[in-house]
Amino acid sequence: MNAFEYTFLIPFVPLLGFLIIIFNFNRFPKKLTAVLATGFIGFTFVVSIYTAWQYFFQMGPVNGVYPKFIGFDFEWLKLGDHLSVHMGTLIDQASVMMLIVVTTVSLMVHIYSIGYMHDDRGFNRFFAFLQLFSFSMLSLVMATNVFQIYIFWELVGVSSFLLIGFYYEKPSAVAASKKAFIVTRFADLFFLLGILLLSFHVGTFDFISLTNPENFESFNLSGYALFGLSIPALALILIFIGGAGKSAMFPLHIWLPDAMEGPSPVSALIHAATMVVAGVYLVARLFANYALMAPEALALVGYVGAFTSLFAAVIAVTQIDFKRVLAFSTISQIGYMMAGLGVSHYGGEEGLGYMASMFHLFTHAMFKALLFLGAGAVIHAVHTNSIREMGGLRKYMKTTHITFLIATLAIAGFPGLSGFFSKDEIITAAYQSNPLVYYALLVVAGLTAFYMFRLYFLVFWNTEPHYHLKPHDPGKAMLIPLIILALLSILTGYIPFGQFISSDGQPLHTHLHLDMAVISTLVSFTGIALAWMLYKKPSDMPQRLIASASTLYRWAYNKFYIDEVYLFVTRNIIFAYISRPIAWFDRHIVDGTMNAIGWVTVTTSHKIKGLQSGQLQKYAFAFVSAVLVISALLVYYLLNN
Amino acid sequence: MTYSIISIMRQELGLVVIALLVLFFDLVVNEKNKQKVFLIALALFGLHTLAGFFPFEGGNLFGGMYSTQPVHILMKNVLNIGVFLVLLMSASWLKTPQIANKSNEFLMILLTTLSGMYFMISAGDFLMFYIGLEIASIPMAILAAYEKFKSRSEEAGIKFLLNSALSTGFLLFGLSLFYAAAGSIYFDDLTRTLSQPSPLVALALTFLLSGLAFKLSLVPFHFWTADVYEGSPMVVTSYFSVISKGAVAFVLGILLFKVFPVFEGLWQNVIYTLAVATMFLGNLFAIRQKNIKRFLAFSSIAQAGFILLGLLHTDNLGIIVIIYFVLIYILSNLAAFGVAQAVYAASGKENIEDYNGFYKTNPRLALIMMLALFSLSGIPPVAGFFSKFFLFTAAAKAGYYWLVFIAVVNTTIALYYYLLVVKAMFINPNPEPLPTIRSDKYLRSALFITVIGIFLTGILSPVFEYIQAMVDKF
Amino acid sequence: MWQDITLQDVLIVSTLMFFSGVYGFLTRRNLITMLMSVELMLNAVNINFVAFNYFLHPENMHGMFFALFVVVIAAAEASVAIAIIIGIYRRFKSINIEDVSNMKY
Amino acid sequence: MSFLLLFVIVPLLTVIAILFSKDIKQTRWIAAIGMSVQLLLSAALILMYLKIRAAGITDDFVMVKNLVWFPSLNFNLTLGVDGISVSLIALTSIVIFAGVFASWQMENLHREFFISLIVLATGVFGFFITIDLFAMFVFYELAVIPMYLLIGIWGTGPKEYSAMKLTLMLMAGSALIIVGLLGIYFHSAPDGGLLTMNLLEISRHKIPENVQNFLFPFLFVGFGILGALFPLHTWSPDGHASAPTAVSMLHAGVLMKLGSYGVFRIALFLLPEAAHNQGSLFLILATIGIVYGALGAIMQKDLKYINAYSSVSHCALILFGLLMFNRSAMDGAILQMISHGIMTALFFALIGMIYGRTHTRMINEMGGLLKVMPLLGAAYIIGGLASLGLPGFSGFVAEMMVFFGAFTHADTFHRVVTVLAASSIVITAVYILRVVGVFLMGPIKDEHHLHLTDASWWEKLSVGTLLLFITLIGVFPHFVTETLIGNSLAPALERLMSNF
């Protein structure tokens, strides 16, 4: 028995909700579903808050270190004689923080969806899937071991698949859901291999023993390694690939923009705030291992994160689909977090990057969810995704406009809002350890401010197209979450995050790095100013700029043709040169061989029919010659033996 | 002495008496009652069959020319069962106008050939063996040509007779060489004096084996089989394919195991080669047959190849499985022939494609045919599976694993063409299937017996164990 | 004189007879001639039996008896054969073996 | 009279009862009742088995009963089960139960159909309850043959060709098996004792290694043909595509497991040294099968072909797991047998039901069916997710156990094959999602499909049963791997590991 046994309720309640709703999906009225689902998730939220309170405030650090608890645990499966897979809840700094993030955003999205999905046929199905996702995500964040993470990793993947493909009659939605699932599945393969390799050498899945630096001595890490990498580096890189798939790191990012085919609340919940940061969370979970056992792997994480961040920011500048801009912004921001982890070290002040990354994860979840929900509200109002068909909406959608502006300011790193604080920490950490990453992140900060305000101005200012129906603010169910999230986007920046989250469990005292803050603020102001000049009012400046850098623009607009490369590889290489030949080979060679055996038999049968000629004397001749041949052979055999 | 002759030779005597009685009645009864002779013959033969199962120790006669042991009696009993079924199946054919006036002669000749087989099985020397062989084969030519109003039947008769004469010539030549080598025609003397294989013995053995191989229709001595089977009346074909083949298989077993065990090294090779050739060629020829009789002829050639698997190694198990196999082969093949006979009697059709859609109109006959074919191809739960498996066991016991493999591969080929018939009956569509056939009570009871036999002789072990017990006394 | 005849001489004769019988059987198209060839083979066998008896195993009479039985059975065989050949002649209007080959393959 | 014998007697009684039925209603109810009894029996068997184990009996096989059959050859009907066969018996009764309901509307020659189907099931049950090689083989053959009629008469498409190919290939497999069995039989008593076909007796002695090396390929390939061993799997796509629904279910679901079970129980258990000597070769074939089957499935357009190739891939994974010779992988392989059995039965049931409505199995002729038949569509998606190894369903656990077991071999060869095998999880996802995307989602292509109805009660029952078990095993794998199978693998492992 322990103080956290009740935490099993946190994932269990949404699971219950899922089962109840899915088995009655064509029976329950919408109201009942809404109440049930929101009630269940609200309950979970309350329990999570209680857990956080209990963990951080009631218990607090022991001997200056936050302890880790196993709240609830049972053996699920034995793998051979040594390994066993447990299911349970792990309560530590990171998981409790994630609980808050997931339940908060999920609750907001649930409430929002009551309004957003109100007229949809699949209302019940939608809520059931949301519950399923919440269950999976909560189980993921509270996983006690890496195998449990993998299990729920797959389950969040499938919830994401189901929700992206929610409008299953729309071919683009189907394609997007397929793409999302397959790309992440592909990455998961490496994750699995990483787990296999790690568990084989370490002999445990359990996070508590796996990440405890004191145990590292006892791990048997000898063995051959590939590409000159050590065993832990190889294993951790493989695991990182898994994380990169889910967190849409380059070059596995291609699914996330397409995933915007799902309903906007889904984008907010899954593809902005929670599931996509699972990769960051995974690296953070194993941070001790990355930092101490395989610094080269961690460096890779940093570079990939920084590059992705820059890369996605560049693309985001050119996109014209409302949600895609946000999607690339998400990719870019997750790259930020990854970079933050990559530049961090383990323990103490050196662990600033880790803390910063988690901090950014937290704040980003709030303002990005807000952005998406705001986008949902706008799209709901104007029935289009293209920002070219929007403009001047500030007049019609006042609340939405203000909340969206808050979020935009937050993400742009406007001083005083949450994004400012968390970004600042990351940039500081990068500055302290890796100049290359530092400069990249600085550029990204500018770009972020620019494209977000480009988006903001194009949607809420600029020219107003002719609207068939006058756009208006959404109903209360959708506005309340917007307002709450806007408040959170402002306030969460003031949490002394280092007190709660740190790489080694010891509270970290952080302070604002003024020099860094000034630089990054300047950079983002530059971006905002540029956007102001170009997009606040209609002008031909953007067009001229595009014309002057047309090649770069075209590449960026087409997302650097990464999708096309994938398409080419799958369709023209794997399908055309592997799969189709195999199908052919199977039908014609393997099966053909079998048929050929039959054919040969039957043909032989027809060819030899002449032997049975009907002529008595031919029969007799066969008889006589057989007798003579056999006797000759027999005598020969006899004389030679 | 006289009594012991009667008791020891009771089966032969009984059979000859029945044959003579048939002849006698045929002479004395008037035209109208001629058909009733069949009933008398059937009843007598039934009793004779049953009487054969009384336990009996056996003995020798005529200074060893004739010897009978429980195993011989068992072999004769197995043949009796087959002949009884053949008699039942022949009832409708014997009533056809063209045959009716000579139906009782048919019975007489049939029983005579059977007595020839008896003597062949019980022979203690080559003379008795030869006489038995000829009594069993010369009248067979008459049976083959019985429908002398049909050219095919005549052709079958002459093909069989001349071919058989040729083979007998070789066989006799072989026997004369044995006589030269051993100075005696008694089996006991032969086993005693011939202990070293010599070229002369090898030659003699080949000639003897080829004569028997002819009767057993082993490749390449088999060519007559298909033509004769096709041309002969259906009843005679069934008799050919099961009874005479079974008898020769028994005789071959006795000769190889009891007379020439010392030459095992020699004949094993011959048997091995013949087995492989027979199975393959028999199957390959069977694949494309259109006529059901010809089809069954080639299938029975292939089956003969399987029988050889039991003859590879001088071992009681070999004899046991051969008797067992022949018994089940008799039941299964007769079931198939019985259905073919019913169809032929009702419609005069004997092509496989005539059977298309057979199941729709004649479900029972189709099922019997299917069971029979499954039994022939060795599919559980019907008996053929067990007999085949035990044959393979016998071959494997001698270490011939590859031969077993070849044999089972051949089972697969065989299954293909058996399934073609099943397919014709059950799957192939036919707008005008054969009409519903109502066959007479004799045929029906015969089919009933075969079906029961096909089911029970395999899955229930007493039959096998009984054979085992009899052979162990050998 | 006949006492000088050895087993070998007799065997040469009998073997020649046997194989000329075989040859005749294989080459002559007339059914009757084929039957006669078979008789030739059987008689060669008879010579064998008698000769072996006389030269090798004079202590018993097995060979002689065997020859007797072969003669008898050959006669029976011939009678059946002739009967069938007559039937064939009626059906086919020919006793050429090549004509009697309706059934094949 | 042994309890186990009921598993053969009840189907036989059902068959006899069907003989006297008058119309399809009676026939199907008799079949349904018979197979429900069978399902209850297997539940009872599980309970009995657990009770026996709980009583501390650790024999390799329990409920052993020797019924003398052919005493002179010492071929007996020896009954006996361990955890593995108990679970496979349960699998069989689940699938046949669902199969009966899936063929609820088999109007054409209904009596014959249900009789053949149940005879087929009898063979399977018999195979699992016996531990005498001869008896096992009898039942094995019994299970293979009704297939010809079932496909030939009630099938679709090129049914005669498919049926013939399937039957002949499986019989060729039997040819190999017979040689192997007889070889084992004649080496079962090296010290001159009584020859035997009894698994337990044979396993007490060591068959000479050269003999093992000779016999092993016969048995492995022979059973492997039924277990869809590459490149001898080619009967499977055509056979499954042509077979009627229930037959595909039973065949892919259970009969193919006979092959893997035979490989495990006979080839690996009795010939352990040879298994070690030749394992790598077959491991390569199994690996090829996994990847090849999955890649082959991508390009197919016929739903049944897709599933058939997917079965090739999944069944190859069973062999792959078995050839790893360790607890985890073999546990996984057994679990994969059960899991794939239920999953593929589910697929074939659904395909049959969808085909019954749309009269096409070509995915590009359908679209958006999820809208008109949400239950069937959802079931298909769940089945698909289970098939691609989603946690919460049985396939995931099985795959994971196999991969973890495989990864305990640290040499390059095993690493490479494991990585290749693991890559199939991605390929599986590709083809499953492709199918689901094309024919269930998207717009409705054929307006005739707009009026199709969703599942009827018997279809719901059939599909629901299968879904229930997929999920139960997926959520509580512990019950199968630990409670049920438990130490049943120990004898085999002990023999496999003893000299290495």
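Note that the chains take the letters A, B, C and D in the order they are written out, and that residue 1 is the start of every chain.
The rule we apply is simple: a residue touches a chain if its C-beta (ideal position, glycine included) is under 8 Å from a C-beta of that chain, and two chains touch if they have at least 3 such contacts.
The structure presented is a predicted model; accordingly, all values stated were derived computationally and were not measured.
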item: Any chain in contact with chain A as well as chain B; value: C, D
item: Chain closest to the middle, measuring from C-alpha centroids that were averaged per chain; value: D
item: Distance from the mean Cα position of chain D to that of chain A, given in whole angstrom; value: 36
item: Distance from the mean Cα position of chain C to that of chain B, given in whole angstrom; value: 27
item: Length of the line joining the C-alpha centres of chain C and chain D, rounded to whole Å; value: 65
item: Inter-chain centre distance, chain B versus chain D - centres from mean C-alpha coordinates, in Å; value: 42
item: For chain B, residues that touch 2 or more chains besides their own; value: 158-159, 162, 166, 170, 226-227, 416
item: For chain C, residues contacting two or more additional chains; value: 22, 25, 34, 100-104
item: Residues within chain D bordering two or more other chains; value: 168
item: Chain pairs in mutual contact under the definition given at the outset; value: A-B, A-C, A-D, B-C, B-D
item: In the complex, chain B residues that touch chain D; value: 320, 374, 379-381, 385, 389-390, 392-393, 396-397, 401, 404-405, 408-409, 411-412, 415-416, 419, 422-423, 426-427, 461, 464-465, 468
item: Residues on chain A engaged by chain D in the complex (per definition of touch); value: 26, 75-81, 83, 147, 150-152, 154-155, 158, 161, 165, 168-171, 174-175, 177-178, 181-182, 185-186, 188-189, 192-193, 196-197, 199-200, 223-224, 575, 578-580, 582-583, 586, 590-591, 593-595, 598
item: Touching residues on chain C, where the partner in the complex is chain A; value: 22, 25-27, 29, 34, 97-98, 100-105
item: Chain A to chain B touching residues, read off their complex; value: 598, 601-602, 604-606, 608-609, 611-612, 614, 616, 618-620, 622-624, 626-627, 630-631, 634-635, 637-639, 641
item: Chain B to chain C touching residues, read off their complex; value: 126-127, 130-131, 134, 138-139, 141-142, 145, 148, 151-152, 154-159, 161-162, 165-166, 168-170, 172-173, 175-177, 179-180, 183-185, 226-227, 230-231, 294
